[in-house]
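Chain lettering (A, B and C) follows the sequence in which the chains are written, and residue indices restart at 1 in each chain.
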Amino acid sequence: MSAPTGITRATLLKDLRLEWRSKDAINSMLFFSLLVVVVFSFSFDPSAEESRQIAGGLIWVAFLFAAVVALNQTWAREIRNQVLDAYRVSPAPANSLFIAKTLGNFIFVSVLEALMTPLFVVFYRLRALGPVWQLLLVAALGTWALVVNGTFFAAMSLRTRSREIMLPLLLFPISIPALLAMVQSTTAILNGEGARFWIVLLASYDLVFTTVCLLLFETVLNAE
Amino acid sequence: MKKAFPILGILTAILLSYALYMALVGAPTEQTMGDVQRIFYYHVPSAWTAFILFFVNFGASVLYLIKRRPAADIVALVSAEVGVVFCTIVLVTGPIWARPVWGIWWTWDMRLTSTLVLWLIYVSYLFLRRFSSSGQTPALAAALAVLGALCVPFVYFSIWFFRTQHPQPVMGGGGSIDPRMLHVLLINWLAFSCFAFLVCWSRYRLEKLQRDVDQAHALESLLDPRRGVR
Amino acid sequence: MTEAAPVPVVTVSNLIKQFGRFAALRGVTAEFSGGKLYAILGDNGAGKTTLLRTLAGLNQPSSGEILILGTNKFHDICQYVGYMAHPSLLYDEMSGMENLEYFARLYGIASSTRCAQVIRSVGLDPDLDRPVGQYSQGMRQRMSLARALLNDPRILLLDEPFSNVDLHSATEMVRLLVRTRDQGKTLFIVTHQASLLEGAADEFVWMESGKIVGRTRELKRPESAR
């Protein structure tokens, strides 16, 4: 039997390949991300001093919206033609699928964030007073928090009516502590303040939820 | 078992009446806030009761995931429903209290904010239960409940730290409390807990009955496919 | 010629599957021996698909027991089972070879030769670059069958494999399935086109309203069926 990591890698590569081939989906996602930034800029006047204070929050809310749209569609592929059944009847472990999907989503959402961030920086004339590497750390931890729960709940909502609304409905409440941490730490770093508490909180959140999602994914996958 | 219910019901009614009297009349009037403060005796015990119920939900969900007992699933459902009701009471009494005292409808106070997040989590739990088809609901809901429960410490920590950085008016007095007031508070909590238990029990019986009816229908369709609902 | 007592590879005992108030399987009890091709027939709603999915481990029975190759733990025997359904269970955007190479990994098969070999055995070209979504139904079903055969399963579960398939592809598939049976595999084929399996099936299993109402050697509905 193949090592689970081999299966994870094969699944991840397969997903990336499929994502690349359906360029329509990627392009529409990228454009959507752009739109979100522009709409926010119109709604929260970038020239106002207050807006620069809340830029941290704006960015993460924008990331959240982009993530939800991305998450919804990465499982959609497995439902078409009932391909998920083919995975379930095979000896491949449920967790390999989960990790592969989460990694794929992480990469995808990070790409979207990489597009949106420069726009925000430019529109809001953001300057980081604190170390940039900390911002990257927060971005990585925060994105992982959204994506690990998002992938889990997206799989859960496959089994429900109103699939697309179920994902944000389940994801948002549980993500609130993580969101608070992401926003607070980003704002703190931008203003040159300490963000250690928030970063530690975010890291522990990631650890706890990744572990529990891994433990519970098989249950969710095999719930008929 | 059946006899216990009415007896408990009467006891609870008595306890609730006594608690109501104590809260509205018996307890001493608060120094700064006056009679408005009496809502405290509803606000705080509701929060504690909701918290206990959500803890029960967590326990029942874990039990379900391990043992797959249908009774555990019903307990999880029931405790979430009643817990959400008590959470709602907290979220409603909060603003009612805050408005006359501080002039604002909402304060990002620790208890109120955490309760709001808890309320959101458990309402989403109830939505999941409603939107998934009956075969998978127990397993999916139990998984969500575990995640939701694990979120709770993070909710408290994050809001606590946020508040230390951005202080807000505190409701309910963080400091010491007059022992007579504490006494009334605890009486109300006891009354609320008994009431919550009764409601849960009643709801449990209702749900069990509903499931037994469904089971009977399915059994009928087992014996003769022309009957039973398709 | 003496025949050894056939060893049942699949044993089903009082299998019940309920979906809410509807019972799809109402107590199915049967033994199926190895090396045979079973055609499972019946009207819509008879429970054929539910039975197959339960055998494939995609459904948990409400009660009753299933023993496949001597065990009731699906995890132990899933590498010996192949499953195919009416949806293709393939990714439309990838070619046949790419699809099979991926699914082969799930079974621990890293060799592309095996994938190519299986694709050829269903009468398709492994070098065909076209994405599966552009295949005709006949080609798609054959590729789906190839996927099910990847891990050289001992038990094949096929749900409506000939549905919407042109006659040529269908007869090719039947020929292949008979060859597979002759290699000693056990096949369960749910189909509405029973005539395709006349002469190929060892036994016809008739289902009605969630129960097996008869098993015949010939394509003739048993009297006990209502």
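Just so we're on the same page, a contact is a pair of C-beta atoms (placed from the backbone, for glycine too) under 8 Å apart; a residue touches a chain by one contact, two chains touch by 3 or more.
Computed from a predicted structure; not experimentally measured.
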Report task. Select the chain whose centre, defined as the mean of its C-alpha atoms, is least distant from the mean of all protein C-alpha atoms. Result -> A
Query raised in the report: A-B or B-C: which has the larger count of contacting C-beta pairs?
Result: A-B
Requested in this report: Please flag the chain sitting at the greatest distance from chain A, going by CA centroids.
Outcome: C
Requested in this report: For chain A and chain C, let me know how many angstrom lie between their CA-based centres, rounded off.
Outcome: 39
Report task. Could you give the separation in Å between the centres of chain A and chain B, each centre being the mean of its C-alpha atoms? Result -> 31
Report summary line: Here the gap between chain B and chain C, centre to centre from mean Cα coordinates and rounded to Å, is 49
Query - Residue numbers of chain A (touch at least two other chains) - result: 224
Query raised in the report: Taking each residue of chain B in turn, which ones touch at least two of the other chains?
Result: 133, 135
Query - chain B contact footprint on chain C (complex, rising order) - result: 16, 18-23, 26-27, 45, 209-210
Report summary line: The chain B residues in contact with chain A across the complex are 65, 117, 120-121, 123-124, 127-128, 131-133, 135-136, 139-140, 142-144, 146-148, 150-151, 154-155, 157-159, 161-162, 165
Query raised in the report: Which residues of chain A touch chain B in their complex?
Result: 149, 152, 156, 159-162, 166, 169-170, 172-174, 176-178, 180-181, 184, 197-198, 201, 204-205, 208-209, 212-213, 216, 219-220, 223-224
Query raised in the report: In the complex of these two chains, what residues of chain C are touching chain A?
Result: 56-60, 75, 78-79, 81, 83, 85, 87-94, 98, 102-103, 105-110, 131, 147, 151
Query - Contact set on chain B toward chain C in their complex - result: 133-135, 214, 217-218, 221-223, 225, 228-230
